[in-house]
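Please find the structures below.
Two complexes are shown next, each including subunit A; its partner changes from subunit B in the first to subunit C in the second.
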Partner chain A sequence: MAEIAQRDRTRAPLRAGAKGSGGLARRFHLYANSQGGFATLLILPALTVIFAVVFFPLIYSIWLSFAEVDLLDTSGPSLDFLGVTLPLYKFVGLANYRELAGDPLYWDALWRTVYFVAAFVIEATVIGLAMALVLNTEFFGRPLLRAALLIPWSMSRVVVGLLWLGMLSSDFGALNAVMHRLGLIDGYIAFFKNGFSALNTLVLVYVWNQAPFATVLFLAGLQSIPKDLYAAAEVDGAGFWRKLWHVTLPSLRPMMFLVLVLSTVNGFLMLDLIFVMTFGGPGNDTTTVSWLGYRTAFSFFQFGPGTAILFTLTLMCVVLTVVYQRLILAKFQAE
Partner chain B sequence: MAAVVANYRRPLAPRIASGLGIYALAALVAIWLMGPFLWLFITSISYQRDLMAMPTPLLPVNPTLENYQKILGLTEFDHADQARLVIASLSNSFIVAFAVTAINIVFGSAAGYAYARHRSRAMSLSLYLVLFTRMLPVVVLIPALFLMLRQVGLQNSLTGLTIAYCSFTFPFTIWIMKSYFETIPRELEESGLVDGCTRFQVFVKLIVPISGPGFVAAGAFTFVLAWNEFLVAQVLNSKRGMTTLPPAIAGMLGQANIDYAIIAASGFISALPAALLALIFQRYMVQGLTAGSVKS
Partner chain C sequence: MSDGSVYRTTRREFIRSAGLATLGVAAGGLSLPSLARAAPKIALVGWTFRPDMVQAYIDMFNQKYAEDVDYSTLPWPTFHPTLEQRFFAGDIVDVMYCTHNNRQRWFERGMIRNLEDLEGFEEIKSAMLPAALSSLTSKDGKHVIALPYYSAYFIMMYNDPMLKQAGFEKPGAGWDEIIEQCVKLKKDGISEYPMLPNWNPTQTGTNPQFLSDCFAEGVALFDDANKLQADQDGVAHVMERWQKMYELELVTPEIFTQASSTDTHRMMFTGKYAFHSNHCNYLQDTATDEKQSQLAGKKARITPYPGKTGDTYAWTDSYVLNAKTEALDSAWKLMRFLGANLNSDWHVQKEWAISSGVQNPYPSFYEDPAVIASTDTWVDPEILKQQAAKGKVINAFKEAWYPEYDTKVVPIMHDMIRKKATVPDTIKAMTDLYSSLA
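Then we have the complex of A and B:
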């Protein structure tokens, strides 16, 4: 790096050129070939887009969560930005949030979400790890199975929901058919009729879709464990479970952290499966915070309360990431 | 001890379960991963009336391509108007996914290269901002994006959708490409600069040609993300025929009158491109997945 900087003579002419010699084009070329100038030009397009479609909407969203949004009323104050007029609507302070705090529907949705996330994180981690352990063992056909790993992950959640609706259908479901043939059930089960069963079915389907992602991360972690650790454990007479507990799991701690954080956040944000499979029902039994926020904003077009709900969700994700980091990663780094 | 290490081959298989056991487990994993996908295909080549038989046949009784002909408009049927949306949304999906991938490859990799090679306070601050956007749930931005695009007149347009998708694909691409470029030795650039190339020429002529695997990882990853996205398309492009495949399929599911076999056929068509990409570029996409998720 230092060598490049020393050899980088383009900076000096740039300063000399600033005194007047050389045209605009020449100065641009000099700037573009200087180290910092080149880097700036390379990140500029991407950063512009990220600013326009992430940071600006984010700030506007924060405003919306404190506003009473009436989509038809554009007479109020507005914000002019680069020739675009954005309505600011009526500022109502914390009213949207206060309304949430007093809404039993919100609290029900919150507890339901906590159950959903806990069940999802545990199942996705356990099944993801189990699949990684199987796929880390050598057997004939392993490359094929590793390739198949990405199939559930590569599908749109709409298609995932669609295919599981078919698998679980009480009219023509493959799962019902298999269980019926095995003599486990007498009649076909309606998985979505009962609220609790519908919620758990959603967990199962989401685990099917997301566990391969955990497996990919765990496999990457497993491959970095030195083999002599296992050899040493075997010399000490450790069996499968003791090796798993004393060698594998401690070595996987950074990956475990990632999987837990990412699946917790993904669990909180899951929305599309509910849209396709239950629409929040029966009753409100599968209405999670994310679905409530989405429904409030886009089915009832209450953008203020809707964004407020979605912001509480965002806050939960951020807080949980920090907590996990304190608990697991800090401990890992201390060792 | 040395001999033990040398002979060590199977680190995790339980000794008792090593032979047949591992194949039983592998079969279980295979059924779990592939079963639902195969069932989708089986229903898509079945007649609804055959599926309704009790007990449900697990293999297609009268395999047929009629469901595919119906959604592709080759055969007329009762609800042809709803199924016909599949062709329009399929082409919309392709246009948006390709546009997003191209934009990400060009500008995302440029930014990734700059972050891999140049360190300064402003650069690390902006990189931190990019990573922060990766943490932000897209759903919280949708209300604001909806109002903004409506105001600019880009609602129900493929351009608006493409721009919106870049918000969640750019951080991934930048991060994946940054990790890839960091594996290329710096000496290559130094020799290029000594030979009199400009920095831009070094990037385009020396770095880009050897970065194929990085582009494949980022490109395949971005394509799958854009291809599968549902919520943003559902909200921003709600007009009939202006949306992508996932919202179109969700719309068909909402209507009780098309039979399930036809919807399954459109689901299979939607799953195919991404699944093929995942199978062909499996190794690169796994690289992308791990690089994309390992932050900080």
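Then we have the complex of A and C:
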């Protein structure tokens, strides 16, 4: 009741002052002195920053995907804000998306991306879970191993690419040298020889880089499972696999959802390893949708079609997130 | 916080402080540009190649000419898009590096200016090779829009000790003999992949290599009107030879995924390859870099490029002048220092040649005793000079469609080499690509 009375006291002079001279200033003054107004003022800088760095670029890039963009053509309409000119370019509707739908390169890249993402998500999830299960048991040196596990994930992906490029090189690669000395291979293997081998090599390197993150998430999930559940299962005579199936995995559903969503998004957007390791080749054999979008925008300077290509990725990520939510999380919440 | 007066006072103070801070920042922001205008700097942006050397040139320029150059670099892959965006956002970079296939685009859109009305230009023009001058000229032939950063052409390098080990005193005189030598090197187990062509997937790799091999056969891939002429016997002949070299496993399959021409030439460092074609600028490294190259100590040598005519593809990358520069005199002076002879001794061009083996389009440079003496320590200067004279330029790069063609043709060529497409199908695909863009 006191709050309502306070709000009424604030509104009355606000309405009265609206008609007189300096009404706007008075309204602002009163609003700024109200509790809600003061709170708004406090969060306004943060909101401004979030709008400037998140929402505005998002909205502008959506606009670009429907526009014919020429970076150097500033003759069209534009927005001027704080001395920065923002060209609006020519609106072309769905033309960029239509062009995309008729481009066989895009469809080839899309199927390749789907393969890459599927292979990556499955491998990263399974390996991440396996490593988490190992690291959740007590053994000597566990803290050290847990810390070491984060190294691949914490490395810059450009460094990861260069590192593995050196290890896999058929000229001087350590991996080839070791396998050769162990008598496992006669001659050095060219890992990027053809599309199948190159794409799967990229998957493995990316799994090496990203699986530790899945491990960390699964490890956090494992530690939140009550030990009583395992004790009860053991009383019922459950072995390792039955405990895994009936206790661990159901309890890990929220974390599984998180891992799948993050891995899927990361898989769709992976670009840096391609840039460093294959440049989309040989031929177009490792050209994924993200690489095609990057190349279209930054090699051909076609920012309209480039952003259109990349927004199809965004759409796929959103759709898959909903699917995961329905398949994994919704069932968990229902239970 | 229950006491309203305390709460209000704090709020007022906060608003007052925030207002003052905002005013302060705004005032500071307004005053900075005016301060900068009082003592203008010349902004120079290059891609990241030997920034230590460039900084040394800049230091000398600043000292000798009492100027203030602000030098920075951008990574190569995003260099041109970044500068375009900075230009469109109103940022003026007075002097910029620019590759040959971006110059015309920048000029047409008013980002860079022509140079012929500037002091001392006629002298520079008369000192330059006509082909290079043509390369630096706008598509309509009316304006010179850049000064040379460097000129380059493709060369054929060989691994001298490896050939001798196989019993060859010198490289084969033509492609057939060279391929025979490679086959023997492979058969004898001396080299798994004796041939290292620059088939990397970037704009500096496969396509310029193809232009070179076509020129060497006496075929121009683009005519005088910059139209693609892929349907020629010489073009098909080059493609068939590339397929044969790959089919015989003379070329490593990993060549298709090398990140750059620099990475490709570093493969030659390993000493595992017998022949290597690449930009002439990489030769010095390979022949002298004792820390990295197994071919240091002049074990890497050059031979005239094989083919009917032995011509190769040449190009000139450049320094360009921002059309909106506010320090025109100083910026032009800097350009002349970097890309010409402001110091009266070709200081920058000579330093590049001596320390990095980088070539330029000024013929007198090849007569310079210091340059000759330096070149002689890593290669036969006479062969280098002869090959330079056989460098041929194309003008197609001045067309708006060229960068896209240049990128999209690479997978087509790679599929052809790997026999995923036949030679006639490849020629058709190239022609279709050209037709869809031009």
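A few comments on the model shown:
One rule holds in what follows: the second predicted complex is superposed on the first by the 290 of 335 C-alpha atoms of A that agree within 3 Å, B and C clash if a C-alpha of one lies under 4 Å from a C-alpha of the other, contacts with A are read in each partner's own complex, and residues count from 1 in each chain.
Methods note: a residue touches a chain if its C-beta (ideal position, glycine included) is under 8 Å from a C-beta of that chain, and two chains touch if they have at least 3 such contacts.
Because the structure is a prediction, the values reported are computed rather than measured.
Once the complexes are laid over each other on subunit A, subunit B and subunit C cannot both fit and instead clash.
When both complexes are overlaid on chain A, the residue A:Pro87 reaches subunit B and subunit C alike.
Looking at the shared chain after the overlay, A:Pro212 reaches subunit B, while subunit C stays out of its contact range.
By the touch criterion defined above, A:Ser299 lies against subunit C but remains apart from subunit B after alignment on the C-alpha atoms of chain A. When both complexes are overlaid on chain A, the residue A:Asp171 reaches subunit B and subunit C alike. In the superposed model, A:Ser290 lies in contact with subunit B only, and not with subunit C. When both complexes are overlaid on chain A, the residue A:Ala32 reaches subunit B and subunit C alike. Contacts of A:Ala190 after superposition on the shared chain: subunit C is touched, whereas subunit B is not. Touched residues of subunit A, counted separately for subunit B and subunit C, are more numerous for B. Of the two partner chains placed by superposition, only subunit C is touched by A:Gly280; subunit B is not. Once the two complexes are laid over each other on the shared chain, residue contacts for A:Ala198 go to subunit C alone; subunit B is not touched. Shared contact residues of subunit A with subunit B and subunit C: 32-33, 38, 84-85, 87, 169, 171-172, 188, 275-276, 297-298. Within the complex formed with subunit B, the subunit A residues making contact are 1, 3-4, 7-8, 29, 32-33, 35-36, 38-40, 42-43, 45-47, 49-50, 52-58, 60-61, 64, 84-87, 131, 133-139, 141-142, 145-159, 161-167, 169, 171-174, 176-178, 180-181, 188, 208, 212-213, 216-217, 220, 222, 225, 227-228, 230-231, 234-235, 239-240, 243-244, 248, 258, 262, 265, 268-269, 271-272, 275-276, 290, 293-294, 297-298, 303, 306-307, 310-311, 313-314, 317-318, 321. The part of subunit C that touches subunit A in the complex is made up of residues 8, 11, 15, 77-78, 81, 84-85, 87-90, 105-106, 109-111, 192, 200-202, 252-254, 256-259, 267, 270, 272, 403-404, 407, 410-411, 414-415, 418, 420.
Taken in their complex, subunit A has these residues touching subunit C: 32-33, 38, 41, 70-74, 83-85, 87, 169-172, 187-188, 190-194, 198, 275-284, 286-287, 295, 297-302. Touching subunit A in their complex are the following residues of subunit B: 1, 4-5, 8-15, 22-23, 25-26, 29-30, 32-37, 39-40, 43, 51-52, 54-58, 103, 107-108, 110-111, 113-115, 117-120, 123, 126, 129-130, 133, 135-137, 139-145, 147-148, 151-152, 163-164, 166-167, 170-171, 174, 186, 189-190, 193-194, 198-200, 203, 224, 227-231, 234-235, 245-247, 249-250, 253, 260, 263-264, 267, 270-271, 274-275, 277-279, 282, 285-286, 289-290, 293-294.
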